[in-house]
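In what follows, structures are represented as structure tokens.
First chain A sits with chain B, and in the next complex the same chain sits with chain C.
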Partner chain A sequence: MKQTWTLKDIKGGFYILPAMFILVMFLVIPLGLTIYYSFYRLDYLIKGNFVGLGHYKMLLTSPKILRSLGATVLVTIAATGISMILGLVLALWIDRKTGIFSYLIELIGLVPWVISMVVAGLLWKWLFNGDMGLLNGILKMLGFSPIYVVQGKQSAIIALIFVMAWRTIGYAMIMILAGLKGVDGGLIEAAKIDGASPWQSLIWIKLPLIKTQVLLSTIVLTVSNFTNNTIPKVLTSGGPNDATNVITLQQYNMSFRYYQFGESSALSVLIMLVTTLMIIAYMKVSKYKI
Partner chain B sequence: MKNGTYLPKIKSHLSEVFILIIFAIVNLIPIFWGVITSLKTQSDITAYPPKIWNFELYFGHYKRVISSGFFQCVLNSAFYSVAAIFLGVITGYLAAYGFSRRNFPFKKLCFYFIVVGIPLSSGSSVLLIPNYLHMMKMGLHNHWYTLILLYTTYNLPMTIWLLIAGIRAVPQELEEAAIMDGCSQFYIVTRLIPPLIKPSIAAASLFVFIGSWNEYITSSVMINDTSLKNIQMAIYDYLGFFGQEWGPLTAAATLAIIPIVFVFTFLGKQLVSGLTAGAVKG
Partner chain C sequence: MKRRTLSILLAGALAAGSLTGCGSSDNADSSATADAKTSDSAAASQKTASSGETTIRMWTFLDPANTENGRSVALSQMMEEFEADHPGVKIVVEPQDYNIMTAKFLSATSTGDAPDIIWCARDELCGVLNANALEPLENLFLADWTAEEIADVDDVFFQFGQRDGKHYTMGLSKNSVGLYYRSDLLEAAGLSVPTTFDELLSTAKALSGEDKESGIQRYGLGQAFSTESADPQLIVNYIYDKQGSLFNEDGTANWSTQAGVEAMEWIVKTVEEGATPKEAVNTANEDSILEFEAGKYAMLLLGGVRMPNIREAASFDSSAIQFAILPGGNNFDGWFAGVWSGSSNKELAGEFLEKMYSPEADQLWVTLGGQAPLRKSTLENMADFFAKEENQYMKIMSDSFTNAIPLSNEYTVNGFKFDMNRAIQSVLTGGQIESSLKEAEAAFNSANGR
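Here is the complex of A and B:
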């Protein structure tokens, strides 16, 4: 189908030019540049030899990187899963409640999401502090032995998952609530009259209707947790013994501690590939139209 | 009848209040404890059992933080955020107008590009290395405008998305009537539409503000000058500088949260509606 453009149409395109200019300048070109550099040596930002897929081969066979990737996947899946499940439970519970109560829950739920990750990480680190932290203070008062959270391998991972999930439960809840508000109340009423139990109407009516919302927020949270490096950096700094050295922290250290920018460019491209897959899923699910 | 409904109602209210309290405690305890710690003397901070109310009010940590140049960083952050809001909302508004009211070549492609940008920019650490390499190459790092440009970029896709939803809700007939009355296109874009989409503009500004005020990782690699540091960098640096001194650390954290809580209390509704507008298909 051939379309003819009028002068007004062409002029209409000018409206989006400033925004597109900014996005091309600071999003597209940098991404292209990174793909280009991932094929070269770039130690201390000095361009060296062409190495082809050398960096990629090195990354995908390095036990350190693979272990870090494993930790990242574990943390991402656990944190996203916990957020989504608790978010869903809370949303179903406060659904159809109106007024100050639901508004308060929405506001309180979003507080962890609106404060900065540096501040959130720091405040939790203080609560988890070995000798003076509130957690151990309470544990001691109750007669338990204190937990040195960020010093233990397992406890550090659990703490990281906990803080990441804590940050996004409210977000998940609000996204799912928005979906539930779109569910026709008459449908639930009709099911009730037909003798459906609350569980049945939840599983066969509500859940299928909010499927899109649940999927979308799962994808957004997965991307956000997978690429989160601020919380691990502040909370555990990747320790102990690299147990919480997630992939984006690895990438950060590669660049700004060892100055191997070729390698870190390749790692960026790999992270970008994973993110892109998520985004394709996001667009498939959301069926965006203009 | 009345007696029959009265009791269960109270019971369900009680369970509501109970869950609300648990939820509030889990969500707010780090902030609550941080604020309390920041108001204690050093000896009260390390006291066991932890003192929750019976401590002596002490503002020394705040004085110490403020006298160590913290305010410069607060001002920098405010400047970066406000500039990013202006740049982002103005360019975003124009783009949103184009997308919702005009037809032009490659419109679909450009729009998909915007949609892809929403989750991509939500994790700015994906763009950390790309932006760093690019800004270094162009010599754009470590300037007063560096972070403004990047924060605008990170938040622009979401801004455009929110404003498209707003503009679409304005009936097209209104514009047609205005043109019949002899209004210019310029008048329509600059005067007629903006007041009608105030909630969307507020939501978009709020997103840009939160994104810019809270961003840490990009600024930490882009900025070296102490005079250009933003508030999150300052707090992170205190972690190394004050080490285990949790008084000044929590005082700095509290100061960083205040503006966010302030804005959030007044515009919370816009934030919630903006968030959900971003996910529900238009």
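Here is the complex of A and C:
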């Protein structure tokens, strides 16, 4: 059946024009150009030869890129996992509290999420400083040997995971808490009457009911941590010896340090594909329908 | 099926959006400022255009509105003088984040929206010249200069801005990576300023230990091996000192050599023998500056251009901070200003560029900005000024320009400092010296298309 356009349809189309214009100008065209340039040499933004899938092949076979991707996945999974577990624990604890105390904890928990990532990165960098940092100051006071946190490969990764988790625990807590507040108290009461322990209530009633919030938070934080280059850049600068060189840092360096815009465009497309998969999962979980 | 396709497309758009948002927000503040300034200047451009004025746009990391930075104040004064001498002309500075300024400039040249004047970092100049983005200065003002005037500015910076017999830029904000030292500590230990690598190591070791006044652990030599460190480390000086060049004639890296191995062994020794802290492996220049100001180091490897700020922030008697040339010679570094070859106001832009190099401007750069003079005549004319203890570092920097570690602008050297630092990081975290140097060479050659 042929669709006919009504005045209402035309008016509707007119209303979304500004938004569509912005989307096209700042998203669709740059995205198209990024994909286009990923097939060319573009050193110093000087368009060179067509290389086809050459950049993609190089990226997918480069040990450095694969190591970087591995570090990114490790940091993302670990930081997100820690955030979600601790966020859940905190949310369950606060859910039992009321009044100003609960309100204060929620506020404090959200501070790391809302403050600038540069500030957070610098704050932890100086707290971790070997000779002048607060952490070692306390350790020395207690008679322990100092720890040089961002000096070793493994300790630098642990420090990065710690700071990224610290930043997102509050977000996870608030999202899960919102879910818990929506759980019908009658269900918990009924379970209690039926002899369910608090642990059983949690496992069989609360968690299934807040599944959506937990999954949504997990996906949001996974994407956020996966694409975060600020904290790694400020805290460890990708070092030592590329131990914390996450993929977006690699992408940044390719573009603005080595001026290999063709290669970095290809890497951007690959990162976009990974995040696209994450967002598809997000939409599936949220049952988003078009 | 249609719904699923649409879902995937929408997810892709969201992913692209998330990528846009994952840019370098570490520079968010400066970028935001720059954007704000750009908007202001764009508005200013329109305004001036409608009122018949000519606008000369310039991109630099300096913000003339910043009254606390001496170089910004000097620039602001030059702009005022130029505008007073050229009624109907307005200089609009659009301050930029220096990390991405060159990339942004190259992008703007392709869209025809580049500024009339650009400041470019040393390591990026070759790429800018390859893009034919700068107008030869001979076409603007240099052809009118006498041989005496040219000799006045002829140094390693002037030569670096030359290609195929033409000069495209000259050094502004000339920098020299040398040795900061605390004369009070050297005097107390009865030591003199080191001039060889052996002396540097032994002096650094002698100056290491717990500071009796502050109680903090002091190290003799502050080095910064993070891949975020903008200033080249001593491996550069060592290799240059022993083999005369860092690169082969075709521009490939030449580091996994006997000189490279010795350089690395020397660096490892500074760390293992306690002259440099172990955490230098991941320390950046900016961190080491703060640590030096706090008294953690007796000597520090750093660009001389930072001296005024470091003296101002030092937690100890700042008059004790002095500057010296490193063993192997100083690395010259800094910014090169030129006129965009596509500018519609080349002549006026050239005039302002010439103004920034003038003897009068040079005095402002020196007295207000505390930077090394652009001209040799400034050194002579202001001999009394440079003789003062607090100003000697500028003369030392200037002297180092005649004998600085040379670099070619015929091939790109992007990231060479960072690749060398990565090799040091590899060795300090357990890697083999030769393989680490070979890996660094391969990374450099690959990144620079060789």
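Everything that follows uses one rule, which is that the second predicted complex is superposed on the first by the 282 of 290 C-alpha atoms of A that agree within 3 Å, B and C clash if a C-alpha of one lies under 4 Å from a C-alpha of the other, contacts with A are read in each partner's own complex, and residues count from 1 in each chain.
As a working rule, a contact is a pair of C-beta atoms (placed from the backbone, for glycine too) under 8 Å apart; a residue touches a chain by one contact, two chains touch by 3 or more.
Note that the structure is a prediction, hence the values are computed from the model and not measured.
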Query raised in the report: Is the arrangement of chain B and chain C around the shared chain A a clash or a fit after superposition?
Result: clash
**Report entry** Superposed model, chain A: greater residue contact from chain B or chain C
**Finding:** B
Requested in this report: Once the structures are superposed on A, label A:Ser116 by its partner contacts, choosing first (chain B), second (chain C), both or neither.
Outcome: both
Query raised in the report: Counting only touches as set out at the top, which of chain B and chain C does A:Ile219 meet: first, second, both, neither?
Result: first
Query raised in the report: For A:Asn228, is the partner it touches chain B (first), chain C (second), both, or none of the two (neither)?
Result: both
Query raised in the report: Which partner does A:Tyr56 reach: the first (chain B), the second (chain C), both, or neither?
Result: neither
Report task. Considering only the touch criterion stated at the top, classify A:Ile271 as touching first (chain B), second (chain C), both, or neither. Result -> both
Requested in this report: Report which listed segment of chain B has C-alpha atoms clashing with chain C; options: 115-123, 169-177 or 259-267.
Outcome: 115-123
**Report entry** Footprint overlap on chain A, where chain B in one structure and chain C in the other make contact
**Finding:** 23, 26-27, 30-31, 45, 116-118, 129, 131-132, 223, 227-230, 233-234, 248, 252, 255-256, 261, 268, 271-272, 275, 278-279, 282-283, 288-290
Report summary line: In the complex, chain B touches chain A at residues 16, 19-20, 23-24, 26-31, 33-34, 37, 45-46, 48-50, 87, 90-92, 94-95, 97-99, 101-108, 110-117, 119-123, 125-134, 136-137, 149-150, 152-153, 156-157, 160, 210, 213-217, 221, 232, 235-236, 239, 246, 249-250, 253, 256-257, 260-261, 264-265, 268-269, 271-272, 275-276, 279-282
Query raised in the report: Can you name the residues of chain A that touch chain C in the complex?
Result: 23, 26-28, 30-31, 43-46, 64, 116-118, 121, 125, 129-132, 148, 150-153, 156, 223, 227-230, 233-234, 236-243, 248, 252-253, 255-261, 268, 271-273, 275-276, 278-280, 282-283, 288-290
Report summary line: Seen from chain A, its contact residues with chain B in the complex are 5, 8-16, 18-20, 22-23, 25-27, 29-31, 33-34, 37, 42, 45, 90, 93, 97, 101, 103-112, 114-120, 122-124, 126-127, 129, 131-132, 134, 137-138, 140-141, 166, 169-171, 174-175, 177-179, 182, 212-213, 216-217, 219-220, 223-224, 226-230, 233-234, 248, 251-252, 255-256, 261, 264-265, 267-268, 271-272, 275, 278-279, 282-283, 286-290
Requested in this report: Quick one: which bits of chain C touch chain A in the complex? Just the residue numbers, please.
Outcome: 3, 6-8, 10-26, 28-29, 99-100, 102-103, 106-107, 110, 124, 127-128, 130-131, 216-217, 226-228, 277-279, 281-282, 284, 287, 291, 294, 296, 412, 414-415, 418, 422, 425-426, 428-429, 431, 443, 447-449
